[in-house]
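Below, each structure is written out as structure tokens.
First chain A sits with chain B, and in the next complex the same chain sits with chain C.
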Partner chain A sequence: MGPLIPNGVIPADWDSIIAILIGIVFGFVLESSGFSSSRKLAGIFYGYDFAVLKVFFTAALVSLIGMYYMDYLGYVDVSQMYVHPTYLWGAIIGGIIMGAGFVAGGFCPGTSLCAVAIGKIDAIVYVVGIMIGVFIFSELFFLFQPLYEGSYLGNITVEDSLGVNPYWFIFTITIIAIISFAVSDIIRKRNKKIFY
Partner chain B sequence: MVKKKVAKVLAFRYMILAGILVILAGGLVLLPKHEKHEGIKTAQLLSNVISPERYMTTDILADKLINQDPSYLLIDVRDEESYNKYTLPNAINIPLAKLLDEDSEMYLNQGQYDIVLFSNDNFYADQAWILCNRLNYKNLHVLKGGVNEWFNTIINPLKPTESMPTKAFELYTFRKAASMYFGVAYPEQFKAIAKKAPPRPKKVITVKKKKKAPAEGGC
Partner chain C sequence: MKNNQKNRHVYWNPYFGGFLLGILILFTFYITGRGLGASGAMKSSVVAIVDVVAPTHAENNAYYSKFVGKDKSPMNTWLVFEALGVLIGAFLSGGLTGRISWRVQHSPKITSKRRLVFALGGGILFGLGAQIARGCTSGAALSGMAVLSTGGFITMLAIFGSGFAFAYFFRKNWI
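And now, the complex of A and B:
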């Protein structure tokens, strides 16, 4: 039956409308879990708040496990899922740049827009910075193009590239997640409480 | 009392949640695996197999070929050797063994052409049809009787006897004409040519040159 849009259960014309609805809900959840505060987001780098790690890791796990159960029961075909293509070096360097921006600015692109919505001035400055970055990238695209389009590995998953059993992989990731949650809790308790 | 109990349980809430996650993930590992059925459902496949809709007669195919219908794609599922010896005009060779290769998929799995599978009889073509149909490929046909039937009906049609109905004669005329299109020569053709052959002696029309009249004396 699923995924719904590729199998025509929902017409593809509804893409944008569904995206807007999911976006609104996503923004609401981000804001209500306090992710529009740069102090909370940056807390993971200083060791006083690990909400980001916990929320995103849990979200990934819940969707991953749920998806594979639905696949097992025949409601969703995992092989039909969209897999984002991998451009290895582009992803690594882009990831480093984004990480640096995350530490320095205290937002990721999604949460910065959330914070703009509630009127935070630092987030407005941050988004302006993103726009300038986008402008520079587009203008100098001919310089970045080999990196941007190079080392293309296709729409691969860990399952394809490492050849591991997906179920065991999910189980291992779950264990890793829970250990990381426990460790992060220990680190947070050792650090001084910071009011923010 | 109840509140205290609830509080006691809730003190372990993160442990409980972590436990649920581990159990669910472990469940995925432990669940008995079953082979996933690719393509259409078994019942659907069976009803497709029984239905004779897939068959296409050689006459219809000949008609399509002569009219140069561009929407038909002929696929020869015999081995390469037979393909090189004889095949239908403009056929592509995809031997049965290579049917599920990636290169073959772009010919078979598309919605633009009507595909006609054929082999010597329709036996191998039927096998190819079942494999492709199971994968839910569209617009597949099988040439009824295959190349043998093609040879018996189109290339070398049987002359109807005099007691047969008119339709048989019409069909024969069509098949004969079709076979001529595909390059079969009939003795009548040669007779017709033979009649033409001796060039008629050209009529020699002698044009008498007007002799210039000698100037006659006038008045």
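And now, the complex of A and C:
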């Protein structure tokens, strides 16, 4: 039963090899979907290209639905998975700053790595920027510490915080995704085409 | 060669790419019990550089000291190997479709210099935000959502909400 490495089915020595293999597939899929192009990525914010919405939302739903199916069929125990912890204000303020960085720079960290790999100089500058951002955060950690460690709610899921049935929640997001895909196609047709 | 030039901007169907990415996230959770990440490798690089240049400073800083120690190496982490894989994978994909070249990609309405200045500023903001939120679009939002993490959903909504809110100010760079 999964997860395989924490449960000792695959020895932990394989960890790094598996990390590289998973990374290769991750990079290949992102680049092939056009995520190495900042102008394609930024399209979501101006309504001329919705690849980010479609890839991101589809990926989230496929993994989410798959996870709960595998849990239901007994292949994994979803409660053993690492749940990203919730620090309420850190998530909100950090997300807002990242959103501004996304629309200013046109990449997020994963996509900028893909663009670096195919020689985009703007992406190399962007990665240097990320490292400067991390450096600023670390050097001024005493300033950010209350935000970074405050409003801790634990490794909670929407099941805990909203009190909803996870299956109905997933079903609802799926409907929202399908509607947003249809709406995004209508918006894109109304906007003038951008070539890049 | 001619075929490659024609295919330069032909990308996968986004639903196909999204489906494969979803399967990969599922597979990653199934094997390792955790999700994907990207900004973690850049944090490790910064920690490693500071640790080499100023080891005592790294030990005394409350943030760096979480990642350096006697038997801990900041570069020997899962996320660093994964990021190396991302570079290889993207290089393969770009190479197969003839998209590899040195260039600065920007809207014809702006100069390369302006593009690079905004790329640097955007990177700084993203790096800072990713530390505050403990993860970026991959680690917090996408991998968080796969296990219904509340923080993952909040971060995802904050990133895209703020992106749309600030889009007006940066419109000249893109459209």
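We take it that the second predicted complex is superposed on the first by the 195 of 196 C-alpha atoms of A that agree within 3 Å, B and C clash if a C-alpha of one lies under 4 Å from a C-alpha of the other, contacts with A are read in each partner's own complex, and residues count from 1 in each chain.
The working rule: contacts are C-beta pairs under 8 Å (C-beta built on N, C-alpha and C of every residue); 3 or more make two chains touch, one makes a residue touch a chain.
In this text the structure is predicted, and so the values were computed from the model without any measurement.
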Partners on chain A (chain B, chain C) - clash or fit: fit
Touched partner set for A:Phe171, first chain B, second chain C, both or neither: first
Superposed model, chain A: greater residue contact from chain B or chain C: C
Which of chain B and chain C A:Gly94 touches, first, second, both or neither: second
Which superposed partner A:Ile156 touches (first chain B, second chain C, both, neither): second
Touched partner set for A:Ser180, first chain B, second chain C, both or neither: neither
Partner chain in contact with A:Leu61 - chain B first, chain C second, else both or neither: both
Chain B versus chain C as contact partner of A:Leu4, first or second or both or neither: second
Minimum distance between Cα atoms of chain B and chain C in the superposition (Å): 8
Overlapping contact positions on chain A, where the chain C interface meets the chain B interface: 58, 61-62, 170
Chain B partner contacts - residues on chain A that touch it in the complex: 58, 61-62, 65, 68-69, 72, 167-168, 170-171, 173-175, 177-178, 181
Chain B residues within the chain A interface of the complex: 14, 18, 21-22, 24-29, 31
Contacting residues of chain C [partner chain A, same complex]: 9, 11-12, 14-15, 17-36, 38-39, 41-43, 45-47, 50, 61-64, 78-79, 81-94, 97, 99-107, 115-116, 118-140, 142-167, 170-171, 173-175
